[in-house]
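Chain naming follows the written order as A, B, C and D, and within any one chain the residues start at number 1.
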Amino acid sequence: MRLALIGAGRIGKVHADSICAHPQIELAAVVDACAQNAEVLARKYSSVVRRVDDVFADAEIDAVLIASSTSTHIDYLERAAAAGKAVLCEKPIALDLAASERSAQTIADSGVHCALAFNRRHDPQYGALKQALASGRIGNLEVLSFTSRDPAPPPADYLAGSGGIFRDMMIHDFDMARWLLDEPIATLHATGSCLVDPAIAEVGDVDTAVVVMTTVSGRLCTISVSRRACFGYDQRIEAFGSGGMLQAENETDTRLKIIGTQGQLEEPPKWFFLERYAEAYRGELDDFYRSWKEGRVPRATIDDGVEALRLADAAQRSLEEECVIRFA
Amino acid sequence: MRLALIGAGRIGKVHADSICAHPQIELAAVVDACAQNAEVLARKYSSVVRRVDDVFADAEIDAVLIASSTSTHIDYLERAAAAGKAVLCEKPIALDLAASERSAQTIADSGVHCALAFNRRHDPQYGALKQALASGRIGNLEVLSFTSRDPAPPPADYLAGSGGIFRDMMIHDFDMARWLLDEPIATLHATGSCLVDPAIAEVGDVDTAVVVMTTVSGRLCTISVSRRACFGYDQRIEAFGSGGMLQAENETDTRLKIIGTQGQLEEPPKWFFLERYAEAYRGELDDFYRSWKEGRVPRATIDDGVEALRLADAAQRSLEEECVIRFA
Amino acid sequence: MRLALIGAGRIGKVHADSICAHPQIELAAVVDACAQNAEVLARKYSSVVRRVDDVFADAEIDAVLIASSTSTHIDYLERAAAAGKAVLCEKPIALDLAASERSAQTIADSGVHCALAFNRRHDPQYGALKQALASGRIGNLEVLSFTSRDPAPPPADYLAGSGGIFRDMMIHDFDMARWLLDEPIATLHATGSCLVDPAIAEVGDVDTAVVVMTTVSGRLCTISVSRRACFGYDQRIEAFGSGGMLQAENETDTRLKIIGTQGQLEEPPKWFFLERYAEAYRGELDDFYRSWKEGRVPRATIDDGVEALRLADAAQRSLEEECVIRFA
Amino acid sequence: MRLALIGAGRIGKVHADSICAHPQIELAAVVDACAQNAEVLARKYSSVVRRVDDVFADAEIDAVLIASSTSTHIDYLERAAAAGKAVLCEKPIALDLAASERSAQTIADSGVHCALAFNRRHDPQYGALKQALASGRIGNLEVLSFTSRDPAPPPADYLAGSGGIFRDMMIHDFDMARWLLDEPIATLHATGSCLVDPAIAEVGDVDTAVVVMTTVSGRLCTISVSRRACFGYDQRIEAFGSGGMLQAENETDTRLKIIGTQGQLEEPPKWFFLERYAEAYRGELDDFYRSWKEGRVPRATIDDGVEALRLADAAQRSLEEECVIRFA
């Protein structure tokens, strides 16, 4: 697969790494609004810088990976649809639900192969949890709980255009909840506070939030997020069922313990997503490649992106109007 | 302290054990509506069976421990107030908030020493957590999360008169939340389902529930309960703050591990409250005795019982009316 | 059982606690060379001080617990044998193997009920390990490993008369090894160093030592001890077999964890034997009582004391002569 | 660095993987006595098959990695020395100590860059342990303990020519001991048994062994090995010192826990060296490359290989003669 990478920023670099480590994918071009960024990445990975128009016009390019800023995603998705390129798009599709839905429709009509970059679906630990659920290790799932905290809040200027904590951050947890619950959400209620940084309240956002959802069969799901955890990336999932409980715990670099007068000390959790989800990024790309090759649906689709955004929108409304949102 | 035990049922026995192990408390009498229950307990602990009227009339009795059925608590509290006996009362005071408030007022007016049996406040692990919070080990507390699951639901006939999951079971967590948060609750929202046993739905109750509260300063608190955890008593607290996180984990009988082809196996959590809170029951009685002796306020008062019931009532209303309850 | 406690020092107090908490045993008398020690203990536990001759002469006394200094054990054992008193004797019987053997013979000839206070045999965690071994949880036992470290060395004056690290400290591990291996020891080799305190070398002792033993069927057993572990009492056993592994881990006061920038911190191990083996002391006394009542052999006999001392002696010789000791 | 891989067997494949993942190393040739093995590997990694004479004669080849059978190592080392090729040699150098010493001398005389493939020195967890030791986290190191068990014994025909458990298997632990103790060994004593498979005894070897060593300053070091651990690769190191303890624990694939009626189950340790030391193999190759590039001594040298073999030889002799070996 000859793939062009659109976007040479922080997440673009992560993908470039995965692309170059993948035996069947070639990094055919790097595109970025900032020529210098593109140049640096292209040089590092022995690729070439190209303009976005050329990429979409080039019949030798099989696929594009959209890792540019969120506001550009819809435009590039539509171009990919028009050009018949397979596409792996970073989340979120857009901050606007209606536009995202239209974009998903365009992709569907075009028939191009399209995956959404919900990296956590490809994490080995969550995969093992999903499999344990499916194989009945804990009987009927009753309560699913997510803890999801970043080590530190993003810069203030990013926050203003982020779409808010639910669309920017909790969208990952909404997607994981949908993936693991595997049935429609019935109700949603959100609660939030600004405890980390008053600057976040100034842009009308919260930095600490809890969402509680129910599914149509009555399962409960809680998501607890924060923009700041001083000890690192706090990423845990707990699935409680009639026959037991599964806990996906934070991962550490090594298993070294230090026992001293203060107690028995294990390492802190891995610092952030680059460390914690390194393997997930590789798995995500591989799933994109394999599903394209085999003509099957990828693990996360553009529709999954739309549905996660629908939940994020509902959470924002629930928080603002202090009400329970009821679906269908 | 010469103490009369009113109620010789399951929880009465737990208290009788603590009383007899306490070097300064004498089990002066056992009272029970069922003469045989009283007889068995009195014989086992070398005490005597007496009628309740005699107990309250006996000037040699310093204190009563009310461990009879919930519906009798208010009557006995008032008699204790009238008779000037110190009193340790099992939770809840009553299922009715207004009656509980009146009872608390009667106790206050009488000036008798009165403690409420919120056993968890006396658990060593939770005490260590409380102390770590107070000493600033995690900076400013931001999110407090409780997981609280019984190993199995009570019998159906008990459930009908239990007052519902919030008043019967989650009341412990409401009290712990108040104790650890140490500031007024601002809002509360409850979600619930019947997933464990349809018989529970038939009496109009839920068996799986989540409550989310905020405090006046914006802290978030979640409580997740279930009437059934196949592996035992699931009793965990997590406190997340600006400078770290505290986790009170489930306790096991021993630390023995078995490593085999299936993995590395630790023991399951202790089975239920008798095992898990054995030390807490002894601490509770000791605090009752010491606070009486020293003329100080006990760790849990009758007012704490009223306030926990107020939250339970609010949770019930939130669940029924699908709304957020706002205090003050 | 009316029991007289001989020895009102540190370990005597531990036993007094257990005696008074035991429903079937009465602390009938306290004996100590130091009248004041005896007085304090007797008053605290509502007992009386008596002279040792009176105790052995009193037909109302069923049993004696020998918790006096090691040099007195053999004399009191012989008096108990002569007086027909059941006896629970603190370890070691004596520092001299031949004298210990004679004493065991005297006890055997007299037919009095006699248990040796190897407290660790009564620890719940080790009991669970023993049971798991017996029930085949790890198949055939192949390697048994002990780690056994005190928090701090005893005072220099104690060390001089202690009999050395093998007889004073490792004797517990020799006994546990015998109990868990359940077959004769074939060879033993000891290695040791003085790393903690030069004062220990000055009295001709080591403070850090490792013993390796083989059993007649070829199992390996290692014991690693130190006089000082800054973090507390390091008491671990690992049993490795054809079908898995058992690990008895250090115990902590509670399961509270603190997660911060430094890592994930659990409590240190319990500080010393009073904390770590509190339950074992109660179990030891109860086994003494029950075995006496039921006329069965107690869990640890005076012969076990002799055999453990035989291994300690061999270790001392192996260290001094730098050789492998071969039994039988 | 243009590198030729000599040996296309199991360990050769591991190295081929690392070579191709390394951005600065090119797999310039594959050599194997079995043409088909070489062919398969060369095709998979886009390299070419060459004869060993051609490799040593080719001025374009910078380095060779010797991963062929042990009996060929010395010949290839000498050829590398003669041809001036940098060389990374699998352990052991040879089964014969004198020959190994001569080989080390030849390498030294030639001045070629030479590293020995003691992979464990490059494991991140052990690296962290080494660093914690060096930075004084546990004060003065007093006792160092290794547990090292393979999941299953090698085939009987391999065992016969393996040189025995000390030279074949424990050599890794001898090297780690030397690396972590960082001072000369003073004494060594070995104990062993055949418990896993009688076929091992038939070739004159043991399958379960313990070695105890002392250093010149009196530190103690124990190594416990077995040819079979049903639950996987048991690879642990414990360093105990005056100020605390370090524990390098077994690693698992993920941190998923399953809590059920049987208990709380973590994953078993990783299965074997390919899984456990995947990162170490990459680190080893990178250290070889960097030390060559920078003209510095690699982390493990051919002299380290000689010294580890010296300890293995001593252990074999200690076992056979039932004596303590004293160095210098």
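Some points to look at:
Convention: a residue touches a chain if its C-beta (ideal position, glycine included) is under 8 Å from a C-beta of that chain, and two chains touch if they have at least 3 such contacts.
What you see is a predicted model; the values in this text were computed from it and never measured.
Among the remaining chains, the Cα-based centre furthest from that of chain D is the centre of B.
The chain pair with the larger count of C-beta pairs in contact, out of A-C and A-D, is A-D.
Mean C-alpha position of chain A lies 40 Å from that of chain D. Inter-chain spacing, taken between the CA centroids of chain A and chain C, is 58 Å.
Chain contacts: chain A has residues 230-231, 243-245, 258-261 touching two or more partner chains.
Per the touch definition, chain B reaches chain A in the complex via residues 139-140, 142-143, 145, 149, 187, 189, 191-196, 208-210, 212, 214, 218-220, 222, 224, 226, 228-231, 234, 240, 242-245, 322-324. Across the complex, chain D is touched by residues 21, 124-125, 128-129, 132, 137-138, 243-251, 253-261 of chain A.
Listed in rising order, the residues of chain A touching chain C in the complex are 230-231, 252, 258-269.
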